[in-house]
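There are structures below to look over.
Okay, so chain A shows up in both of these, paired with chain B first and chain C after.
Entry: the complex of A and B
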């Protein structure tokens, strides 16, 4: 078993035993399904091509953000002076001294879990819409489902990279969750400058939403590339800082 | 007299937290900017900052062994909670008044004078409600995720779908004074629940 694979297994174990990571998965699956069921029950239900997808874009993203943030922030919280271990990061880097390997293992573990979360959230949400309406949600194509997967994966990685830079997750998380949901600062900014349409939370959902009321039209593939560009732009400095900084 | 001493200790702990100062600095920098862009509608964004403030004030006790030291110095739990809540109120109320004024000055909204007290009250209550939630959960990240997720996503959806519940659900930083009693009731209920849990809990 290679070092990289062992590091990945360790990161997976740590992540799955974190109570807040479990909360992230529960929120990411139950929120979109619950809200989609509520919306489908409403007499004002518009149906439309985005039924279920809108909820996945917000509720699923909340789970993905929490997952990405706690995967890193849990490494840096202190356990209290009377416990033997101080911060998890000390043990992590002792076990995996090659920092890029440690970071890559964490990215892979969070990525796999985010993909699983996206898949479970998708199944739960479209099943909820189907059960409430008695008919399947319209236009659930493989391309759009793939879009949800890529969006949640990139969102989780973006949250992870931001938290590597800040080492405390509270503020990045509050900003990212608020931004992903109904009250988006990006939406306010888009009234001032067109560049705001290319913020991750504004461009990313174009991978799977067809009837976005506001904003410029961004093609799904372009939206995906914009997300990848954002992840790269934040991850690159995060990796440099993580490799060079005293833990 | 124990209570003034406990209050002074709580205030000094609160004022020595770097995270609190960073949050306040970001709030004072962003709220006029958002006010200029979006007017009074930017109030809920400021409210998120106050949620973070309230959560940080309480969960910082549980990050490390501070909570045990506190319980050693103030063994009676009710006076400690009163002192702690009063200290947060001392910090949050002027900050809320400042942020609300800055938002309104920047937005140039004509009704600023009438909405200021409601907004100040709403922001202060948001911080207190968040501190109660933080004490219940003892975990900064989980609490912030739940609160921000509720106030920015679940709350607005419930409000839009069920017109009846809009009047009994807490709202973040309302611009009118009408929802304030509801927010106050939620805050008091959350503080009471947090106290009862804290009263019977091993630290």
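Entry: the complex of A and C
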């Protein structure tokens, strides 16, 4: 128990002193708030039941993905031969040799920060909408706010687990962030197959979006279960690989 | 006491270690000597539980590293540089390690002073020289004031002053009754530092014993090394 608690403190300290993790949190909070403010100023503003929530689902997710990725990729960053910095994973695993404990500590630290990110992003985004429009965003219920929390938590964990498998941040970051922001492959696939509606970034937001007009209706609880299933499906092999392979 | 008991490591078809058995005893500095790629680092990584042995065991006081109750208070290790992320300060690196090991944070400033990094404590590791990185690694190893030290190529990248500092540190730890195991391919340096020596050649131990025993009738450790690791084609 003490080992686990010590490992958690270490992981928390590591994340808070890692500039890219701080950047991830700042982005995850400011991006949705900024986009929501811009949308609220637009003459085409339609208000609607998803005002603020749509932005949290994209901007908040980008922060969560980045957080999950850098928490792991920073362990494997290598520099040239002449650098004083070397792969951190050796230090991590000599300090906490029980690998499952080390991984659980990282998951917990990332999870706690993702929840804090989600809470701060929610407050910032709905405040931005309120300030710009002069009236509060509609239908901000406890259930939907919880949905955002669960979505961003699962997204961060999914990014973390993928990066454990790849040991490099580039691929998970490119796949997940591009998919969340630039062009949604999931959306394109959903035109071809209904299964795409159950991809994490398609199903997950149904936990808090009410007005989405996609082909499949996914109930909030189902959406949450789909997210949990995705996290489990990627995390389980990641944990096995992390415990077995040479560091 | 460090014990390697028939440790084998295979990567695909290649035998990185072909069953090594040796010891490092308290109060003595033991040196792994071998060419680059001979298997020295692999042996140390297996000892620290970072890599998995294909068969055999590497133990610290009879226990595998991963099962030590308080690993950082038992073994201090420096493998392949500092293990610090370039964007973190030297102090922040030691702090998270102290958290992980349950060591009071006051110890961080002490070890930084011990290795001469007090002034650079607040700088990012990315701005450190190779030698400063080594010192940071040693500071991390000393955090828990462990009775066992494991150092992989400790003098690589150090300037003459740093090399002397490292040698003095290692000798004084052994004089206090601690166990020190280090690896190097620098023969003259090892001759100055170690009591016992283990020569590894292509994953096999070709000689082990005290420095005098291994040097034997040869004039220097270097000529003994080349005699012992001679290949059949006469290289």
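The definition used in the following text is that the second predicted complex is superposed on the first by the 238 of 247 C-alpha atoms of A that agree within 3 Å, B and C clash if a C-alpha of one lies under 4 Å from a C-alpha of the other, contacts with A are read in each partner's own complex, and residues count from 1 in each chain.
Please note the rule applied: a contact is a pair of C-beta atoms (placed from the backbone, for glycine too) under 8 Å apart; a residue touches a chain by one contact, two chains touch by 3 or more.
Small disclaimer: the values here were computed from a predicted structure and weren't measured.
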First, second, both or neither for A:77, with chain B first and chain C second = both
Contacts of A:62 with chain B and chain C, given as first, second, both or neither = first
With the two complexes superposed on chain A, say which partner A:35 touches: chain B (first), chain C (second), both, or neither.
-> first
Does the superposition put A:90 against chain B (first), chain C (second), both, or neither?
-> second
Could you tell me if A:155 is touching chain B, chain C, both of them or neither one (first, second, both, neither)?
-> neither
Answer with first, second, both or neither: which of chain B and chain C does A:20 touch in the superposed model?
-> both
A:191 contacts which: chain B (first), chain C (second), both, neither?
-> first
Taking the contacts chain A makes with chain B in one complex and with chain C in the other, which residues are shared?
-> 19-20, 77, 79, 82
Seen from chain A, its contact residues with chain B in the complex are 19-20, 23-24, 27, 31, 35, 38-39, 41-42, 58-59, 62, 65-66, 69-70, 73, 77-82, 168-171, 173-175, 177-178, 181-183, 185, 188-189, 191-192
Given the complex with chain C, which residues does chain A contribute to the contact?
-> 2, 6-7, 9-11, 13-14, 17-20, 74, 77, 79, 82-88, 90-98, 244, 246-247
Please give the residue numbers of chain C that touch chain A in the complex, ascending.
-> 45, 48-52, 65-66, 68, 71-72, 75, 77, 79-89, 92-93, 95-97, 99-102, 125-126, 128-130, 132-134, 136, 140, 157
Which positions of chain B touch chain A when the two form their complex?
-> 19, 22-23, 26, 34, 37-38, 42, 44-45, 48-49, 51-52, 55-56, 63-65, 68, 139-142, 144-146, 148-149, 152-154, 156-158, 161
